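Given below, in the form of structure tokens, are the structures.
Each of the next two complexes has subunit A plus one other chain: subunit B in the first, subunit C in the second.
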Partner chain A sequence: MSSPESSPYSDTDAAPHGKARATEWPLWEIFIRGQHGLSHRHVGSLHAADAEGAIKNARDVYTRRNEGVSIWAVPASAIAASSPEEKGALYEPANDKVYRHPTFFDIPDEVGAM
Partner chain B sequence: MSNALFEYLCRMGDNTLVLGHRISEWCGVAPVLEEDIALANTALDLIGQTQLWLGLAGEVEDKGRDADRLAFHRDVWDFRNLLLVEQPNGDFGRTMMRQFLFDGWHLAQLRGLMGSSNDQVAAIAEKSVKEVTYHLERATDTVIGLGDGTEESHKRMQAALDRLYPFVGEMFIADAVDEEMVSADIAPDPASLRPGYDAMLDAVLAEATLQKPADDFAHKGGKSGARHTEHLGHMLTQMQWLQRAYPDATW
Partner chain C sequence: MYAQMIKSTGEGVKSLDDMEPEERAFQERINAGGKIEPKDWMPEGYRKNLIRQIGQHAHSEIVGQLPEGNWITRAPTLERKAILLAKVQDEAGHGLYLYCAAETLGVTRDQMTRDLLSGKMKYSSIFNYPTLTWADMGAVGWLVDGAAIMNQVPLQRTSYGPYARAMVRICKEESFHQRQGFDIMMKMAKGTEAQRKMAQDALNRFWYPSLMMFGPSDAESVHSAQSMAWKIKMNSNDELRQKFVDQTAPQAEYLGLTVPDENLKFNEETGHYEFSEPDWDEFFDVLKGNGPCNTERLEARNRAWDEGRWVREGLLAHAEKKRKTAIAAE
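The block that comes next holds the complex of A and B.
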């Protein structure tokens, strides 16, 4: 939904994209909780004039086929994003510390979905 | 009786068919992608309702015509839709004003039909009412947003209202078909829907900073089929083109 000229994250340090076009509605990130889902998941983004419009647009763009039971709309400018250049520093140190990876536990069936 | 019911069902089905086709004309060319998708969704809802209304009309008539036959093999004088819905789209603002003026009536009408003595009519109304509740919400937001928007959008919305308001009255004027439906408890009295509609209209227009035209003149002749505007015939040449060129073609 977004175009290169738009500026989803202009308020954050992470990824400057330039200013939004004057005639363009603000960008919103849409999260939807599915029928059996436990948490809201990011499904995409769209443009809308205000929060109410964003929910309505999300209903039309993302939930036509019975995908969801709850919608969150978040102004894209309110999202702080990590920078791709810092990927190495942020994530790689964990790679060689397997003892931190939570893969050595058996999860009892009674716990259900985690 | 069954003839009046057939007429009445054609009115319901032709309203949704003609308006559904009209707004499908925006598909791919609406001002923003999100509105494009929303309008196409609305069009699909209306065409879905058309299949139910005209399908039932064909059953009631019992001459072997199904919904497709009624939609694509009748000419303009056999259509029974309101004059309002056949009006051309104009700009996006005018399309949304037409939608709002129709949806307000449509929702009240369907709520009335949910209590119909005819079970099939009540069932179709009940299915449609959820879709139309959303149509009205969306159209209302747009009318308020554009009416109370920029100088340009306000001017266009006022022009749209001035142009379309003379087509509002037809929705509330009863004729012999309506009277027969009312006396059989199949449908609500059209005039009984007016006070609620006017109250809704006044509230929304006030918020949208738009002026309701003072003149209550109402064009008539759509739902009786007596006098459609010139626009419906042109629209049907597009909508029915395939069946006119290749009668009974299937795929």
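The block that comes next holds the complex of A and C.
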């Protein structure tokens, strides 16, 4: 098997997650719908040259035992995530609104299920 | 284990009071049973240690396909062949789950692969032993996967989220592996005299290398103490080895096979088996690269990487061409 002269796999340092070097297969995050009626759930990531390959690889890596009925493959670099440092500020507005939970209200027993 | 002799910072475990606030919060979260996720702050030593450990574990799964792959074309029946094929495919999957967990720590799979191929990163010593007969497929499943499970079950509770989740998936599949191994051993141990001898021979050859998988006693190791404080190692090597012998010795008895250890006996008082230590000189020699199959294994991985290069490059070029065509059509 011959291949082009210059090696695309030259030694370089580690890259940040999802930022694959141009010469490596990009990273895809894989989401699988377990059964009809449930939403897709993140199961892990894998490498593939394109979306079609990502779905085929996901089939082999994540559904060898009928774990799924539907696969989503998303380029890892396209995922925006909240940062852990902002956790306080991000969720704080919900913390003092206990009345959003039904258990906040006392309903007399004689009223029955509500 | 699948990860052996992992070095940590080499310093002792710091007390909470000696830690900067960030590290203290990190350690307290681990102590409380919380999980560390990829974007969370973590000490550099934790990150590096995990890359080494998860990477070595992943490499072990990948190299571990070789001794079993050796028997796919020679399995005694079509059913056994299909089962072995499925098992080897699982090993590839396990390697990929683990590479994906390691990649969340800022290293790429190709980088780890290069480090395996150059010999910079290691894989478990066990895969440097040859699989000479079909009975070895039984012994590998029963003993090697059995020993791996001992370590992997507690690692489902490890502190690093992506690693713990990978272990959950792996453990679900490993019990199939161990059972298929034991099934082969049962068939052979209860078969003809020649089959029984073959099963005994496989047990003789794989017993001590399996005990070595747990690594030498680490009761005094600062590396292990740090790893345990970080909850990326859950039990001491001796603890797991003892558990393995306690579980496996009665199974050998059930098979009517003899564990190759004159000193093996059940101690009524402790409730545990007493057994002989493996030859640790042999273990260190195998790690250094002098086992029966070290050269063969690395050559096989290097060949696969080199000969697969045109596929990797070809698919990438094709994806790029499709992308350009799609843009031109818009």
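The working rule: the second predicted complex is superposed on the first by the 76 of 114 C-alpha atoms of A that agree within 3 Å, B and C clash if a C-alpha of one lies under 4 Å from a C-alpha of the other, contacts with A are read in each partner's own complex, and residues count from 1 in each chain.
What we mean here is this: a contact is a pair of C-beta atoms (placed from the backbone, for glycine too) under 8 Å apart; a residue touches a chain by one contact, two chains touch by 3 or more.
Quick caveat, the model's predicted, so the values are computed rather than measured.
*Asks:* Given the touch rule stated above, what does A:P84 touch, subunit B (first), subunit C (second), both, or neither?
*Replies:* After superposing on A, A:P84 lies in contact with subunit C but is clear of subunit B.
*Asks:* With the two structures laid over each other on chain A, which partner does A:D60 touch: subunit B (first), subunit C (second), both, or neither?
*Replies:* Both: A:D60 reaches subunit B and subunit C.
*Asks:* As a test of reading the superposition: which chain, subunit B or subunit C, is in touch with more residues of subunit A?
*Replies:* If we count touched residues of subunit A for both partners, the winner is C.
*Asks:* So, A:H47: does it touch subunit B (first), subunit C (second), both, or neither?
*Replies:* both
*Asks:* Have a look at where A:W25 lands relative to subunit B and subunit C in the superposition and call it first, second, both or neither.
*Replies:* The answer is both, since A:W25 touches subunit B and subunit C.
*Asks:* Common interface residues of subunit A with subunit B and subunit C?
*Replies:* 1, 25, 46-47, 49, 53, 60-61, 64
*Asks:* Would you mind writing out the residues of subunit A in touch with subunit B in their complex?
*Replies:* Counting only subunit A, the residues touching subunit B are 1, 25, 46-49, 52-53, 56-57, 59-61, 64.
*Asks:* Please give the residue numbers of subunit C that touch subunit A in the complex, ascending.
*Replies:* Of all residues in subunit C, those touching subunit A are 37-41, 86, 89-90, 93, 96-97, 100-101, 103-111, 114, 162, 165-166, 173, 307, 309-310, 312-313, 315-316, 318-319, 322-323.
*Asks:* Which residues, counting only subunit B, touch subunit A once they are in their complex?
*Replies:* 32-34, 37-38, 41, 134, 137-138, 141, 145
*Asks:* Of all residues in subunit A, which touch subunit C in the complex?
*Replies:* Against subunit C, subunit A makes touches at 1-4, 8-9, 11-17, 20-21, 23-25, 27, 44-47, 49-50, 53, 60-61, 64-65, 81, 83-84.
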